[in-house]
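We just call them A, B, C and D in the order they show up, numbering each chain from 1.
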Amino acid sequence: MFINNKNLLSGTMDQLKECCGVFGIFGDSKAAEKTYLGLYALQHRGQESAGIAASNGKAITLYKDMGLVCTVFSNPDILSGLKGSSAIGHNRYSTTGLSGLINAQPILIQFKGGQIAAAHNGNLVNALQLRKLMEEDGSIFQTTSDSEIVLHLIARSKKSSIEDMVIDALNRIEGAYCFIFLTPSKLIAVRDPYGFRPLCLGKDGNSHIVASESCALDIIDAQYIRSIDPGEVLIIDRNGIQSKQLPQKRRRAFCIFEYIYFSRPDSMIFGEKVDKTRRKLGKKLAEESPCEADIVIAVPDSANTAALGYAQASGIRFEIGLIRNHYIGRTFIDPDQNERDLDVKIKFNPVTGVLRGKRIVVVEDSIVRGTTLKKLVRLLRTAGAAEIHVRVSSPPVKFPCFYGIDISSRGELIASSSDVESICKHIGADSLAYLSVEGMLDAVPERKLHCTACFTGNYPTAVPENFCKEQFSAI
Amino acid sequence: MFINNKNLLSGTMDQLKECCGVFGIFGDSKAAEKTYLGLYALQHRGQESAGIAASNGKAITLYKDMGLVCTVFSNPDILSGLKGSSAIGHNRYSTTGLSGLINAQPILIQFKGGQIAAAHNGNLVNALQLRKLMEEDGSIFQTTSDSEIVLHLIARSKKSSIEDMVIDALNRIEGAYCFIFLTPSKLIAVRDPYGFRPLCLGKDGNSHIVASESCALDIIDAQYIRSIDPGEVLIIDRNGIQSKQLPQKRRRAFCIFEYIYFSRPDSMIFGEKVDKTRRKLGKKLAEESPCEADIVIAVPDSANTAALGYAQASGIRFEIGLIRNHYIGRTFIDPDQNERDLDVKIKFNPVTGVLRGKRIVVVEDSIVRGTTLKKLVRLLRTAGAAEIHVRVSSPPVKFPCFYGIDISSRGELIASSSDVESICKHIGADSLAYLSVEGMLDAVPERKLHCTACFTGNYPTAVPENFCKEQFSAI
Amino acid sequence: MFINNKNLLSGTMDQLKECCGVFGIFGDSKAAEKTYLGLYALQHRGQESAGIAASNGKAITLYKDMGLVCTVFSNPDILSGLKGSSAIGHNRYSTTGLSGLINAQPILIQFKGGQIAAAHNGNLVNALQLRKLMEEDGSIFQTTSDSEIVLHLIARSKKSSIEDMVIDALNRIEGAYCFIFLTPSKLIAVRDPYGFRPLCLGKDGNSHIVASESCALDIIDAQYIRSIDPGEVLIIDRNGIQSKQLPQKRRRAFCIFEYIYFSRPDSMIFGEKVDKTRRKLGKKLAEESPCEADIVIAVPDSANTAALGYAQASGIRFEIGLIRNHYIGRTFIDPDQNERDLDVKIKFNPVTGVLRGKRIVVVEDSIVRGTTLKKLVRLLRTAGAAEIHVRVSSPPVKFPCFYGIDISSRGELIASSSDVESICKHIGADSLAYLSVEGMLDAVPERKLHCTACFTGNYPTAVPENFCKEQFSAI
Amino acid sequence: MFINNKNLLSGTMDQLKECCGVFGIFGDSKAAEKTYLGLYALQHRGQESAGIAASNGKAITLYKDMGLVCTVFSNPDILSGLKGSSAIGHNRYSTTGLSGLINAQPILIQFKGGQIAAAHNGNLVNALQLRKLMEEDGSIFQTTSDSEIVLHLIARSKKSSIEDMVIDALNRIEGAYCFIFLTPSKLIAVRDPYGFRPLCLGKDGNSHIVASESCALDIIDAQYIRSIDPGEVLIIDRNGIQSKQLPQKRRRAFCIFEYIYFSRPDSMIFGEKVDKTRRKLGKKLAEESPCEADIVIAVPDSANTAALGYAQASGIRFEIGLIRNHYIGRTFIDPDQNERDLDVKIKFNPVTGVLRGKRIVVVEDSIVRGTTLKKLVRLLRTAGAAEIHVRVSSPPVKFPCFYGIDISSRGELIASSSDVESICKHIGADSLAYLSVEGMLDAVPERKLHCTACFTGNYPTAVPENFCKEQFSAI
């Protein structure tokens, strides 16, 4: 592992971001195996590293490494070595060069309360401040992960029970987080009071499960119970499950991007089916921005559902005009810019027979930098498309996310500096339309519960100090 | 590498089968890199091993290993070590336990004519006879691949030029084959006189390319010229391209399964677009076996196009009811039975919101053993489907293939011993219908050019000795 | 990596022990490469993991992994990625199951003073107390290494300069340690006031080097300057080298086992040549315990020098009666008991022609559990030895070491429960004699400077709480 | 694996050379495990690749890979997968760039007689002629190993039994060879009629063992029976052991270099103990070339025994003045020239305390290129040696070996172009003396049985065509 943790301080905020999948299970004799399957189902949330910590009631064992779940746990001895009836797991992807095993999760520490392991999805907005404060007070940091900060806070708490120590720590952090903690005898799951990231509760016989998305429950045949409430702290031990509540925030801020892109369509998040909402986005888009065209195609696979919605609402036939190569990773989450550009052609194969001579509506879920779409449009033209009308099932992404989704700040958001017309020209489409913010909010169950900051700049929390919104709102 | 080549003799014919992707390029300064990209595009034809042999005009260098193209050639030094302006490449998948590096291709040998490398797609029906004959005559065999047999025949030819030696050898073999040979100064590509497997010719400036499917031309921006004719031998060297013809067979036998399942939908094979034919199969199926239903879904990804055809012809809405996990391989081509059964649930994620309470048409491209479909039907029921009507875009597979597609003979073909009603019951569907042979043939450009043996038992060639058709035609 | 850091608390003291090699260089354009070579020379001090941290004056980069130096740094890109003119390196071996990458060194942290990396050789006797104190005070621990404890202490220091913070921290620790710290702009090397472990200073042009043994200076053609004094703190930066002194202890305690076994014979430690002292041990042994015999052989390679001394003093011919297999590791430092027992036969090959019919003196450097020697005696008998007289160039090891050498406490010290006669019987020798403590002390330069605790139970420091000397001094 | 088998033809003879270790066992339920141990003991004969073929009476299974025995067979599943009661094994080292898995042994083929595997130690002098002849006759070659040639010859034999086919093949080859063949039901071991390479027979209960050196018998506690005779063919099957004899050659030609350097000192070869002969070489050297000196040291480890002999005969004290680093390979057999030069300093650590101010006799077993010795002399001077007198326990190596030892022909033999005085000057010693040919022959049991070609140019066989002895005998 290469570590240059000077990046801890010199990096910009977005270097600390990560979006991940978390899973936890308590009271199951196959805890590690089910966590493995859960991580398999959550693989789309992070492909850089994977790890599982398991407890046999007395001690915690941890295994983690770089790579996909199936690679990290390819040796069956590893899973069988993770003994015990409770376990937590984590899939991570890095959004910067600051990756490496040192930042893989779960993190396992020893403190005055014994052992505790933590898995985190999200991003704290006061991470640097807390880190500086604690450094001033004599703390040392071995990783750049927010989890380490929270573990420090837990260890410094004067409370006596572990759940109180955890709550004490959580009261000091601000931002987006779902944490799953594992001690030798307890599993503690928490979702931040804004509710940025999804976290749900499931059940299978006497065992309790928590996971980022419900698809991780489905794969182990567990029953979906409910979404964990914003600010809810679940303490699960042999006595059962107990719920506590962190102080309320003035608002909720469910990440609307989870519906648009990040979650799996067959999942339930925030208490709602992803595919249902995603399809509504497509329908709304068709209503707002109709198009004279012969066929509707999706940029596979993330825009498939929205494209079906668009086709349904518009009455234009849905077609599969682009085939994805299954033997490579997912564009959005590749850490390296160069590879992202290089690989578009390898990833998408245009079906000439479908496209030739056709007026095409191409539905995409979102545009970040526009690079991929530009190349795709060129690809579709080469394949004989007569007209290419791009329809985006979300509004223009204009502002960086501080809550865990890698929408970068470094001038890479094409919509932060260009208007729709310019973007259309840039990508070479015949027309381009985004879904409106209003239209987007119409598609989600309760509009005011959601965070739309990346589209609107309305951040639900204080934002990191050096961030200047104006530089992004030129248009 | 584990080798138990006793299997050479004791195995049944199907143990010698393999379906693969081949690629060749002559006259390009980036020969190895383009071969690498070509293999990337042909990855769906074989995931077990990959290899490239390159010639600098004087000597041939070879690199091959087990794994996906991106894994085998992950070290950039390897590609840059494959110097020269001509190269051939091969993706292999094994259909039996008889795998291992020893059988990876290309094979490179030294013989009286110098060096020659060979890459093969297909399956010889007289392989065992030839092997026995040559063994009687003192030959030794180090692999179980058909390529080694042909290389022996070439080396034993009394002809003087390499092209005549190759033709001499080809005249002795019978069955399905596309071969690409590379000598230090020539590239020779050949498609068998029946034309079982696809092979096309492309061009990019002064360089010539041959590939199993046209998608391998697209990825390197080469121009598709034409399908190589059955029995055609192309000799490409610095003087250009020359075509010779092997003796005609009484009929043609293009593998219709390439349209149904094996080829990529964006490819051109046998001079026709795959997606066009595949869609027709779906339409025919809708005409022949309509259904009262709410939605049409595909078993992704191979049945997507046929499902679109079915939806279009039937007027029933196409939906995405199953999501595929991208982080694992393709069911049909996994070598191990156990893993095939184990993984269905990991591979397919039902979208409850789409399926719940719906009467569903599930379009699948083919049924071999029925195991996967049985589990899928169960999965769909659990997800709330009201009715499940399975429609298969090909006829019942009743007979083994001796021409390179792994439709196994070991009693695993459910349709060889069960009628449609029993199969329907076995898989647990509410109704089941296959496309008729007539319907299938209506969908392909020229019906009589195709091999339908796996459906009809009408083998275009003599079949291996011990094969008894009757045992398969019980119904 | 497998981590079960519950061992942090439940383990006995010896589980925290480690003996290692450390190296540091400042002011050399090839800092990382020379550190690599230095670690190569110190490989005998630890084979479990290796790591290098390098500074370019602004930031520190770290690379570490499990394995031998030559394996960990087998990719040349790694060394070239460790840029800068100062570097520290570490070889580690684990004496318990508590191994894994998490404990590999150097450790790199971020604290209020910026970055600091640490490499440690030795063992703190108040590690658990300090850890508990700091845990009570809210610290978290991610490893079981003493280095992490010291880094915590440094970070908690209220001093302003890094050197004062380090000294502040060192004033709180007790036990055996050589530390090399690296900050972006300084290298700080320290040897504990007792002087348990060796550490020497070298010079090469304008660059300064510190290393566990002088053999690491030789390999990079650096000049040996002197042994670093007990309690000396060297601060090396661009302004040169500065020496500070920790408070004196009432005595010195150079580890006499470094002479007996651990250091390389061509090294200089504690200001004295190892081979010179080791040879004297052999001579003393011959004087104290002469023997009627035909030849003297060594248990290679560690007892070679003592055997030569014995041969020289006794006038009995030195012979090579056992050949070591070079393709496996070193017995004493293998972490797993089972392998230790299994491999004796693979490791040592008796030369029958030398041994047959001979009365043999077998010189061994020390006896810990007696297992290996028992098997060796059996091996020598099988090879035809007429008589086998074992002579040990150190006294009976009766007490555990708390200062970094893995002489285990768990009843494995055969001499702690058996007298010489019983041991002789146990190993099956015709006679057995150990060197006396007096004889041993005669061989070292200054007898009272050395720690002899493992032989005498006279611990120079307070010992860990739960240790009861009486249980070891039965005889 | 990288293969450029153009080298098959373009290479000079020495590119086909290899010296290796072979092992075979018949009738033992732990055949593969014992072969593994046997290869462990023979590891010094080849470190590039290792392989085992095992037969269960019906079929042969093979596993081989690049690397040391302990690495290749590190996964216990591999050994347990090699089922059956007979097995053969092979350690290989390559003397040229022409290495790679393709040339690893054993080779397993299928031919008219079924399966046969072969392991070979030695070098055929008519390999190229045979290969050309067989190529003309239509054979193909996939490796550059002599074994493939012999397997072709076996397959082409018209005899009916496998033993007769083997003998038929052996009658056509000329040169140095020990072959062990394994068929499903038989093990056939053969030593060439000159007897170049050692091969011995052992017994353990009802199982028979053959091995390059007796140390491979010792490690499995098998009993040494005898050396296999030159030209003897042993056929071992369930009916017992049978011996046949190949036609006699006019002379014997046991490789004297096996005594000087290659074999392990604890081995028995050619019916004699290696250490006994090697010690005599040292004594003879002392008699022929005495020296006024203080100590005798060896270049470890290969010259240890000769140095002991020199010390004993001269009365000068034996000392260990150079320590070998155990964590790297053996100089003589590293394939790459650059590394050979680079690593001398890493490999040998001078013990200053032993050397300073002393007049030293350095005993080396042989000088090939002189490069290592030159660096060693420099190293010893730096360590303070007052005088350095090099004594070589073999005569000057002036001629290439065509029988399997890598004494290269490419002008690298310093003694083929320089006289002793020049070499002494070149390496920087105060004096240099070689053992005379007569002295060497006095040390071996029967002088006229041995091959001394590398010293004398008296080749026992015809030599390869293009070899001109005169170019080597300038002096």
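Going forward, a contact is a pair of C-beta atoms (placed from the backbone, for glycine too) under 8 Å apart; a residue touches a chain by one contact, two chains touch by 3 or more.
Keep in mind it's a predicted model, so treat the numbers as computed, not measured.
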Rotation angle (°) superposing Cα atoms of chain B on chain D, nearest 5: 180
Centroid spacing, where centroids are CA-atom means, of chain A and chain C in whole angstrom: 48
Separation of mean Cα positions, chain B and chain A [Å, integer]: 38
Whole-Å separation of chain centres (CA-atom averages), chain A against chain D: 61
Chain C: positions in contact with at least two other chains: none
Chain-to-chain touches, reported pairwise for every pair that qualifies: A-B, A-C, B-D, C-D
Residue ranges of chain B touching chain D (in the complex, touch as defined): 1-6, 8-10, 58-65, 78, 81, 101, 107-112, 114-115, 131-132, 135-136, 138-142, 148, 151-152, 155-157, 184
In the complex with chain B, residue positions of chain A that touch it: 37, 40-41, 43-44, 47, 68-70, 215, 218-219, 264-266, 273, 275-276, 301, 304-305, 308, 312, 317-320, 323-328, 330, 345-346, 349-354
